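Next come two complexes built around subunit A: one with subunit B, the other with subunit C.
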Partner chain A sequence: MPLDNPSANTRKYKLVGTRPDRQDGFDKVTGRAKFGADAVAPGQLAGSILRSPHAHARIRSIDTSKAEKLAGVKAVVTRADFPDKTAGDSGLFDILTNIMARDKALYEGHAVAAVAAVSPAVAKQALKLIKVDYEVLPHVTDVDEAMKPTAPVLHPKLFTEGLAEKPKKPSNIARRYEFGHGDVEAGFAKADIIVERSFKTEATHQGYIEPHACLANVSPDGSGELWVCTQGHFMVRDYCARLLGLEISKLRVTASEIGGGFGGKTTVFLEPVALALSRKANRPVKLVMSRDEVFKCTGPTSSASIDVKIGVTKDGLITAADATLRYQGGAFPGSPAEFGAMSAFAQYHLDNVRTIAYDVVTNRPKQAAYRAPGAPMANFAVESMIEELAHKLGMAPIDFRIKNAAREGTRSSYGPVYGPIGLLATLEEARKHPHFKAPLGPNQGRGMAAGFWFNFGGQSCVSLNIPVDGTVTISVGSPDIGGSRASMCLMTAEELGIPYEHVRAIIADTSSLGYNDVTDGSRTTFATGMACILAARDAIKKLCQRAARMWGIPEEAVTWEKGYAKPAGANAGNFPPLSLKEIAAASGGTGGPIAGHHEYSADGAGVSFATHICDVEVDPETGATRIVRYTVLQDAGKAVHPSYVEGQFQGGAVQGIGWALNEEYVYGKDGRLQNAGFLDYRIPVCSDLPMIDTKILEIPNPGHPYGVRGVGETSIVPPLAAVANAVSNAVGVRMTELPISPPRLLKALDTVSLAKAS
Partner chain B sequence: MSGIHVTTKINGDEVQFVCEADESLLDVLRNRLGLTGAKEGCGTGDCGACSVTVDGRLTCSCLVLGAEVDGHDIGTIEGMAMGDELHPLQKKFIEHAALQCGICTPGFLVAAKALLDHNPEPTETEIRFGLAGNLCRCTGYDKIVRAVQAAAEEMNSAKKIQQKVA
Partner chain C sequence: MRYESPTSFKAAAELLSKEKGQAFILAGGTDLLVRMRTGFIEPDLVVDIKRIGGSREIKKTESGFKIGAAVSGAELGEHKALKKAWPGVVEAANLIGSKQVQGRCTMAGNLCNASPAADSVPALVAAGAKAVIVGPKGKRKVAVEEIPTGPGKTSLKKGEIVESIILPKRAPKSGDAYLRFIPRSEMDIAVVGVGVNVTLDAKGIVTKARVALGAVAPTVRLVPAAAKALIGTKMEDAALDKLAEACAAACSPIDDKRGTREFRIKVAGVLARRAAIIARQRAGGK
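Then we have the complex of A and B:
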């Protein structure tokens, strides 16, 4: 049976590209939607976690006897309840060590013990009765400090990987990476101008408004259920089962509605602890983090220290680019230094390029992915230098970028050769955009930046069921963080040729569907969306079989068109088309229920590029910076639901603005976080911002039947540099450290005025 | 500890509950009354996810004690729609894609309604400052502001038509 699959370039869509209401909207505007902390189980206990007050300390002993005796306490767990079942998997062992400290507390907030009790008040009281004997050790929280040979070493068994020779001594440098091609030294020799600078960015938190929460229920027979807000319930199931020695199929995990993740909910924190408590107490246990815990114990992103050197000819051609990136990822290896190094120069066509990166551990919480992990900091450093070089050359920054932009056929700085990409399109569109012509007032400056993200595919599994009334349910395994159910329904309805309203998407639990990777890497609309399309095609095949049976003709003689089965040609016979609804209604007599499936590991995600333009106004008295105008131009491949694509552009841009101007982890000399709350860790609020203008470009991704590319992450890559360039242009001094908070900006202004005065 | 008996009105209905002296109104709503529409994003008055009205005034329910609302009128997100008819703000939030994850949405809706109740024709700046106590990490606020503008417009034109008819 032939499927209609005209190339994504020319296909006319009926539904894809429209903006219908999301189907979970009603529940979400009435307060009915159930998020992580909204579930209740009969007889549930309240859990609470005791956390280390020290940044680095050996745990000599833990005495829980008094807590256990307190009336109302039903279970206490410590490291003794989490025997090592990781069988040499060092990544999993790190997760085990992170969810419950073993011999040492490695950061302030590291979990040391947990209690389940009849009420939160009793649980809290019990925590106070647990005696932990700490031997406080010297600590380090700064990435450059942590790399020094004199720094306190976190892990005595950590020897730098990726070096030609294994080092003789352990250190805080977990790994060295190198990427590039050509001959950088030869490239610099050809340059007329070379600039070199160092940059620093502070750690920021994903800042999802919903704190982590879960409700665990383990039976004495070893089967368990878990309700949890996560970006990937299959990931949660597999980690928990492996950490606790449960059978994977006996643990059923249901994803709640999720109140934001941005990469931060792609691992486990509370979940294994809640399960262990529940197993011990033989009662359901609910664990919910406070905001303070979210800041102190869940993944912020890395802080970074980066050196960049770029050489250009007089007429503006880059001859060589070189960068060294140092990222600390908290107490365990795994900072996104590698992604930083891969993405730093990805937007340029370079003959000679090299990036070296170091993954460094410090006494901070284990970093978690944050939207395009590793890329924004690298982009900040590189795009700041590009701006500076353009000024030195006397070229408009946009022309300099266009001249050196990566295009189809460019060998990327991280290896692969690009297929069709949208970078030039976003730059050309930016040049034409009215934003560039808007007049700037006093103390105002304009900046721009171009950014890149890889996008991922990965494993997805989708089931599609067609009940007798001809409506359709799709069961997907990717939690819906930002309206993805609407996109899934649009693509399914498009493929089947039925109205959007007839398709409903649910997020199936781990026992109802095959494995699905975490909702991350901007993969859901691409990979799970494609699985929906392919499941629909599978269903169409079956619908055609049923039609053939109803008509008494061979299957091959039936074709599917716009929601109807039709005889393929005159020879097939003369039958009036059968609608999906009619075939569904007859299904009981033609072979039973009709369903479509697809399971695969998707490739071909298609890289994505964006250009951002930003105008700021700086107050020289206070050092405060206000965003006056902001424009995002990004390639979406094909925007399935343009409103939610714009939403991703806007949300990412604003997170980047926060990172550039305000957000940072502030540590005291004692290694303790000093701003673990939304009052002192200030994310952008409504009154800080103007409207965020967006322009969706559609350069189809050949790896997807509709040309879709992931859109969620790229939008946080350029804003750091776009904002910093705007501020630098407004005040006439290059800002090399983020965030550009008022004190930092005032200091920079003082330096220039002092320099001018002398 | 002995509980405190409280009589109050929630979304127009009389409600009685017993709570501890140190229990927040948010905890009472969520844990004792099953009204989980108000969310806890911070518990310290910084995010607005727990927004309710107390006698019509916008309030962070995490900062009020359950015992304090004795004799007062509470409004929560659960009381915003009239039967099966959504409030114009609720409709416009869906139409304008003003929610992504939706965790901030109940708080924004309660805050936006309180804003429009007091100022039916707010400027963009007034909307932005009126909602500055509510954090949204997903949307960048653009579509939230537009949804509130659209709802205000619809409510005002409906009012004008009513006035004309009257």
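Then we have the complex of A and C:
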């Protein structure tokens, strides 16, 4: 895209790169901010959902007659209220089947019916009156078990895609993917050392603090409103309209403030059900999930089983790399196996590389995106092997990584050739970092890992309005999940040349703007931010026109500089500069309101790399691991608001630490989730962690006027391996299965000491 | 649901004994309210005991301390004399929940909730604490370990309430300690808990000891063999080894989401050693 910018390297910024307070902060710390469950409508009903207690069961019949007769019940919906309007779109049909079970309940917690009633108590009572006749079927929750030919098959019409020939029988393997280049067999033939291992990781949940919630209000005239906590209200609008047969433009969706999403709020769960209940009851309906429902019924990420084989020469050059990845994504196709395969070796320069991935279905909730979906588990397997190979070679792990690191011009393992990238910069900076040289105490170990994420651009639409006092409102359609409004205001103010405090950003509803992609793929500060810059430039053009009109000179003779319109040169005339405020004040008489706008689909999202260093201390008698020190070094392209960039680095690291040490979905033999709450699903608490140290590197992305790269996701990619490597280095046992919970680590230590004793 | 807040234990016992439906006692409410909110229980009657005189008092008496049933964890932690006499009991009670929970949670509630993983209970059992029970037929006093009979089950009869917990008077050169294992650093539930209480003679030899284990059996367990391993020793390595063995032998845990059987057995011994060493230090031994 021609950006017509001064070089990102030389531009001097006045605001970009500073750390002002976020404008949504005041309302958030005082409790004024309105989240998903905070909306109220006159006459609203309380909704509640009946969910399958079985991991896998045929639903023979559903009798709602008693519930419907209960006083205070205004609507009951089941599969019968969700006719298939998906017109052959199998992805949409899966969403329809996930929000309300059809012929089978496919996991514990699968929605089977829903009720709207005058109070939550009546709604709960009504659920107890619904009789569901289940035929319980055998279930499978483990990815390797689900791939066996003897496994219970979830979908009789699911035939593996991506094979040379269509298989004769259905199975739980939805699709096979393959990426790579060169000849791995020839590469292994050149290797002096080959290491091969298998790894497993358990499913983890995004763990957002705010449960899903929405308030739906459908009018008999076919129009509707929806207030919802989501990462993408345009996505919610389009899915709901298509599933329920509404006209898209008649459904107005407003995004609430959001208490965390991390990818988990990029699809619909409650929303179509709330709309269906509201339509049937002709009253507003509010649905709010309990924590238990969040764990059982929304999307955690995949669990994975991965084999990695890497060959190296004696001098430490990788000759071939090969991996097979098996990801289960719950009851429907769509696990991020493909991203796992694409990203597994993306941080290395490889002549011979191959990754094969399988997307597998099991009787678990349908997975949803989780921060760099698919990459952390693949990175755990690969970076564990890299560490082990470095030890075998007698090379410092960081030198081994630097020697084989991808750089500008490298053909990536997933195909494209890299432009300017920051991987080597993060590795070199890590080597220089004081953390890297700090002494270790007894029972302590240090590990590191390097990681990659693609980043995304996508569709954005921004409107900018300048009222008569010269302040500015920018209306964006990307829900702010990580401080993006502050970055939008900084970039807009920078471009217009006015103070940050004069710009305010709002998240506009779906009827106010064109389509905006979901806030995901680390796209918002990059793509919607660039739309803000381009909308500001559009407004500047109009401001210059107005100044030209005020001066009575041609508009080409006006330039914009640091917040002022100025005559372009001596020929244009001798006028004192006009400030944005002065032009705005006069706007009523010079042509009316002044606005800027930009809509596009952004390309040029720069890929992002990070290197993490982690020190742990292990209690050898209990297997408990404590994180002693942790440093994130990551390329941000250009950090628009460094505090929020650091926050993204720290947040990703912490979620990765939880994944590595304690977080896991624990299933009983009955296929039911045993730990659907924060007591036994252990995300780290503050006292579990040291302050996560950060180092922002800025290798500009040529695809953005300021050089911005997305930063939100890369930070969760390396921690799993960094922690596992640190633990393995502390105790001398390689941990190949996550989480490295105390019982698992103690058992591994005992096995080794027994082996040594004998 | 009916809510009552009587001003005497006798009246509370009467309300409870007359109720035909499901009746629950509300002290701190840190277990009760969570269960109500999650729909796990639907009480017909809730009897709040916080307005009863003395229920929120810690009294130092001739024979030790009397702790009212509604005294919160935070109040225990702020009571200097109690903390000096029974640091292990107080540290155990202070581990329950979070800072916010500490403002409400009570030891009597922790005891009557009857979780095998209750943090204050192993420390109370090791301390030789007694519970004063008020019921329709009057008062009785029992050793705390006699109250929980299994997960969520107690020996209390209909209408009976724990009025207070009695901690005995301290002999000179005594100390106690409680340690638990949790995968996190706070806001968690014990995978294994160990309370150790010792009295030393002038030479530093253990003359009396009580050891109790939590989360390794259906109820908190007093382990006489573990106490025996310490008595008559200065807690040399050999004695601590025997202590660890006795504790491991006393475990009959289950495999569950919080830990495996073998993990619990091993860690019970490890924590017993560590807690014994802290108790000895607190008793003035080396």
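Simple rule for what comes next: the second predicted complex is superposed on the first by the 754 of 758 C-alpha atoms of A that agree within 3 Å, B and C clash if a C-alpha of one lies under 4 Å from a C-alpha of the other, contacts with A are read in each partner's own complex, and residues count from 1 in each chain.
Keep this in mind: a contact is a pair of C-beta atoms (placed from the backbone, for glycine too) under 8 Å apart; a residue touches a chain by one contact, two chains touch by 3 or more.
What you see is a predicted model, and the numbers here were worked out from it, not measured in a lab.
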item: Touching partner for A:Gly552 - first (subunit B), second (subunit C), both, neither; value: neither
item: Which of subunit B and subunit C A:Pro156 touches, first, second, both or neither; value: neither
item: Partner chain(s) touched by A:Gly394 [first = subunit B, second = subunit C, both, neither]; value: neither
item: Contacts of A:Val685 with subunit B and subunit C, given as first, second, both or neither; value: both
item: First (subunit B), second (subunit C), both or neither touched by A:Gly623; value: second
item: Touched partner set for A:Gly441, first subunit B, second subunit C, both or neither; value: neither
item: Touching partner for A:Gln674 - first (subunit B), second (subunit C), both, neither; value: second
item: Touching partner for A:Gly647 - first (subunit B), second (subunit C), both, neither; value: first
item: Subunit A residues touched by each partner, larger count belonging to subunit B or subunit C; value: B
item: Contacts of A:Thr30 with subunit B and subunit C, given as first, second, both or neither; value: first
item: Residues on subunit A lying within both footprints (that of subunit B and that of subunit C); value: 290, 679, 684-685, 687
item: Residue ranges of subunit B in contact with subunit A within the complex; value: 20, 30, 34-44, 46-47, 49, 76-78, 80-81, 86, 90, 93-97, 99-106, 109, 125, 127-129, 131-146
item: Complex contact set, residues of subunit C against subunit A; value: 38-39, 181, 183-189, 191, 256-260, 262-263, 266-267, 270-271
item: Partner subunit C, residues of subunit A touching it in the complex; value: 124, 290, 292, 621-624, 626, 661-662, 666, 674-675, 679-680, 682, 684-685, 687-688, 741-743, 746-747, 750
item: Footprint of subunit B on subunit A - complex, ascending; value: 19, 21-22, 24-26, 28-35, 37-38, 40, 121, 206-211, 257-262, 288, 290-291, 481-483, 641, 643-644, 646-648, 650-655, 677-679, 683-687, 689, 691-692
